[in-house]
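I am attaching a structure below and will ask some questions about it afterwards.
The chains carry the letters A, B, C, D, E and F, assigned in the order they are written, with residues numbered from 1 in each.
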């Protein structure tokens, strides 16, 4: 099992979700984040004060996948999150020792295959 | 001084000014001015957080640019003695507009009251082009529009122009304000084009309480708009006031029912929209129809606007905040129903239902004329401005939101990750107090 | 047309209408109407974000349903000539309510002014049952309540009913509005039952600035409520106005002191609550007592309401936004103190402190009668409605928040993860503009 | 009772009260009172989220403390017959302030109108010391200041004091309100010292829509402030009203241009600031100059305040929300330009441009006198209070934000991680309803 | 050392915190998140526009625990976060190389045992 | 490659960013979080209700670094985030299997070295 952590542009979230769903990756958790990297800094002005915004809004995705799914997931992410401009973000693949589905107690692969109800 | 002197007034306080009417119209004018910040919230809540300041500034800036243009030029074109199509230049730069009576009001107060109408009308247009038009061209457009379109159309109806002569009824501006602005909004939405993600991605209101606040303050201000249009504290004002209370109430009720029927949910955005549609629809009729008719008119007016919003949102027309559906369709419904429900006994002339079917025709002519002129002139103005400067920002800017690029601000910040920029330029004249900061201790004295 | 014709008015503008009084009452009516959106914010800020739209809609919808019910039925029951208990049916469907004078005002304006009272009174009840009552039954309840309870009680005091004859003083509605609404609120809270997580989990206000905004706008609108109840621009209005400025000031000061004593913190929610309690308490007394008495009354009124809030929050009674403590206890305190502090020399009759102890009894009778009748009738109405439809949503819906289930919206959205649903139903009449969207380029023209 | 009786009024309703003027001034008073909650939003949006409640409470509490102090003492010191420097004690505790006419208004209404001025003036000061002064000492300071400084200065200009005799013009309070408050603000900022992270870390506005809301409501309320200062519904009120519409319009336009020139962005915070500066600048001139002069005055007034904000933000002076730049510099510019642009023909006396250069001197004397007295007395008051209690909270508290420590609340909460504290103290008198909660079922009845 | 990442329903946070505290787990960090899994989709309507909300509000907990605590923590989470309906969430157990308490520089086990002051 | 997760006080973010930039660590992502540890609990009052706030605002930093950078990063964090009072936070060092830069597809070390444009 792996946990894939991707940092992407918020305006790309829509495309990324679509690409993941098409790649049959249906379980994920997102968090709003802010990033700093090589992007151009934004300058803002509040009355007399000028500030440089070092942080840019990003979205973070946490996706638990079984090992065979790692490559398709990463590929889907890379394809859909890319604009080519600096600031597209990163993908981290972390090792996971155990995944548990809270509802059933199922572990690992069983835990990350969603049961669709809708 | 040479500029100011020739304008020095020469009147004495006319006996004809009514203190009571003045008292009411002072308040009515303030109420109508409040509608513009109210609109800033109504519109601002409906857009995404990254564009809320831009959207609000589109209303706020109208208070500056259109207000000044009105005082200097627009008022004269609308209300100075003139021809059938446009007023004269007698009141250019407020010449001859002083404290003597115009009707029963100090002339300046009448001018100020009308100024607030010009401002809100121009600001209404912004709803069709939010989230994607550059701020400068927008402001140039609505300012020019207020002079070139709003002032003449106001003259047609209220300044003694051809629609007044024809007998078209427009108590407080169903045609002059709402149809007029909506026609400009439609053209602007078409010329500017849809938002780049329109129809592909959901564009949801970022703060619905703000929408409710805007609608609440609009309703409050609209009493000045409609009941103030009686220009006196009299029975007609009371009638217009009551109708402005009752008509939106039925529009709101019907709107909630339609929402319920369609989606089993009575949305708050829908309720706020319904209130505004009801207010728009009663505007031309407010002082001409009875209160029961107002209840009917309000209820009926929900239907076409509700349908129009459904259609629009399925179409390629990105009239983003539904100016056409709410103000164009709502204003047209109101103007036509005025021709049906007006009753001489309540202060208007009789409408179609009371023996004068021809009134309906005058109403339709009024709507059509205002819509066509406004659309044509808006087209010309926007094309002209578009030739001089680009109307739209780059795709990247539109993606990031206009607040950042056009205004250099974010609406909601925590300040995290914000680094103070120490200005390099020295400030010689204030050097001692200047930087670097000598971190002053508490109790510096 | 047959519906409208028989109602056609037959008056000419009566000489008895006072322009100055009309000017003031036009504004006063607008001010009282504004109190309902203000209440939407006062209440909306106090609930959790998942219920804010539902809470706001509980006030907004009252402007539709109660407003219409008032015009059609309630006004007649309250103010048409009638008996000791209820008015007649002469003004049903606004018959005979036109522009001729009622007192010194156009009759319609008087009706509109009273309509705004009916609306806000009904909306007040919502505070006791927020976050857990279904929207439809709620709206049915308050609309029926406004006709069955509010209109008769208004008749008792202001329409020439038995309390007026008895001599009970209620200048602007301490009993008619606040005690009346609070009794209904208490019964509603008991019948609907507490929120499922009440007493187990902290339920904190999601946006305290909204609470402050609501309180600020309520104070502003309350000047129309109290000073408008003079129904004229005269000295009594000035007295009521000044008392509406001074009494809440002392309530606020005492409330901050009590907060400080109890928890060493002067809370902003407490301050907003204190303002409202002061406004409630001065309401019955506003035109009857002197300004120094108003300062006393305001300061004193903080104590019972403050204690009541402490007790309530330790009890099993989930009167969620403390309608009973603020309006019931506050209104009772005010009504009783009116009987103590009223002075003939200021425009009322003398109270207990000035030689007429009996006045206190009339006041107590007024409060008790309104509370008992309102509680009883509310019980019957809610039981009846509860028989027809469930009053409460499923536990799951309550957990998710009512905004989603009842209104299909979230108050604050980013739009992330929202997928546009393309409507399957074809729209034949607009097919060319329909979907799939032909992504229009900029400058489509 | 012994307290109330000697004050019992002995007048009959004087014939001299004008209903129309009363109607207008009732509204004007309500409008000015609304400015204080408006200020709470203007200031509250500009601070960080952790201090928004504290900042708002600084305005809200002024409505209590300053309002009461004004009624009891301040009004007499300002407006009771007295000497050149301060009024007498005749109206102490509102003695002799009843419903008979003061001018054409009920005396109490005049008192209430002036009370709203005292409140907003004191609240303005808070902008200089937000985010770092303890609430108690702050409230003590502004309350004492309103009696010791505001009341006498108001007497100088409006109560028949020495500036009135000298002939200094101050229509609605450029000097009495704005320069006066700004001088106190400057001293307070210096004595309290800068925020601990001032100049090191960016301190950004947490909610700019709130700032826009505040500015919009301030503009709305300011019509009551300026046009109400005519104390009648007449031509002067209309003039003051119109000028209050036009002058901020040009200030706003020029401000946007300056923003555009400096940073290529027209900021929304800047626009809101520009509106306020324009309103401040027109205040002393509103009823004395013509509308074209108002356009000029407004445009010109943008320049010094804009420059002052730039300088201040590069200096060590943490006048956090630029009270000095907006109200001090703006008020001074307005007061001086009043001396230039005033025209007898519009209702004032002639200014420098119209043949009376000396008027400029009287204006400068007025500004200097108010500023010096206010600064000196504020220094003394703050030093005194600082001797008794610390003015500033501990560094840790300042870091966490004052909302938590001073008010025990957070402005925006989700309630996550909040654990209900069950009060240990038993509540014997209500034991049955007490805890532990017997989780009541729905339909408890 | 392990880092336990749990995604739970926000309305369960209260119970979960209580269960963790009772299990003597007192150090943790939470983040507001949004998840997609098998839950029924919510439909919302804004004027004419109907949208499906693919994401549901969740809360994410990050809990650093020493190895012997992993099982009790997971058990406490599973018990307290469970409702039995689809959407209860997941638990991920990640390996950690090092934990440091910033205040003292203590590492690993020492770093995750809170010192109570309140 | 490692992923360093640090939980710090929000009021320290400014200093921490500065320290990291000075240590040449320029890529990172932050998330607003809330923590529970040994800090003193805050008491708040809303009308009659008194509540204990168990959670304190924190900021979480996720920093992907190559192995040689781990120590300098941790050291910079520790220095700059420390106040000495309870509540300063924790640093977790997690193993990472792969890092990918979305824009270029570069992996691992190449992926975490920002390209500055501003």
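Please note the rule applied: a contact is a pair of C-beta atoms (placed from the backbone, for glycine too) under 8 Å apart; a residue touches a chain by one contact, two chains touch by 3 or more.
Everything quoted here is computed from the prediction, not taken from an experiment.
> Could you run down the chains that neighbour subunit C and subunit F together?
A, B, D, E
> Copies subunit A and subunit E touch; is their interface built from the same residue numbers (over half shared) or different ones?
different
> With centres defined as the mean C-alpha position, give me the subunit A-subunit C separation in Å.
The answer is 48 Å.
> Subunit E to subunit F: how many Å between their CA centres?
Taking the average C-alpha coordinate of subunit E and of subunit F, the gap between them is 18 Å.
> Please report how many Å separate the Cα centroid of subunit C from that of subunit D, as a whole number.
About 30 Å, centre to centre.
> Please set out, as single numbers or ranges, the residues of subunit A touching at least two other chains.
If we look for residues of subunit A contacting two or more partner chains, we find 17, 30-32, 34, 36, 44-46, 49-51, 54-55, 94-95.
> By residue number and range, which residues of subunit B touch two or more other chains?
18-20, 23-24, 27, 200-205, 207, 213, 263, 265, 267, 269, 311, 314, 408-410, 414, 416-420, 423
> Given which chains touch which, is the overall layout a line, a ring, a star, complete, or other?
complete
> Using the touch definition up top, name the residues of subunit D that touch subunit A in the complex.
Within the complex, subunit D touches subunit A at residues 202-205, 259, 263, 265, 267, 269-270, 273, 309-314, 322.
> In the complex, go through subunit C and note every residue touching subunit A.
Contacts found on subunit C: 414, 416-417.
> Quick check on the complex: what are the subunit C residues that touch subunit D?
18-21, 23-24, 27, 31, 48-49, 190-194, 198-209, 212-213, 215-217, 219-220, 223-224, 227, 232-239, 241-242, 245-246, 248-250, 252-253, 256, 263-269, 271-272, 275, 290-293, 295-296, 311, 314-317, 341, 343, 345-346, 353-354, 379, 383, 386, 391-392
> Which of the residues in subunit E end up touching subunit C in this complex?
It is residues 11, 14, 34, 36, 42-46, 49-55 of subunit E that touch subunit C.
> Subunit D touches which residues of subunit B in the complex?
Those in contact with subunit D are residues 1, 3-4, 7-10, 13, 17-20, 22-24, 26-27, 29-30, 33-34, 36-38, 40-41, 44, 52-53, 56-57, 60-61, 63-65, 67-68, 71, 93-94, 97, 99, 105-106, 108-109, 111-112, 115-116, 135, 207, 210, 213, 403, 405-415, 418-420, 423, 427, 430, 433-435, 437-445.
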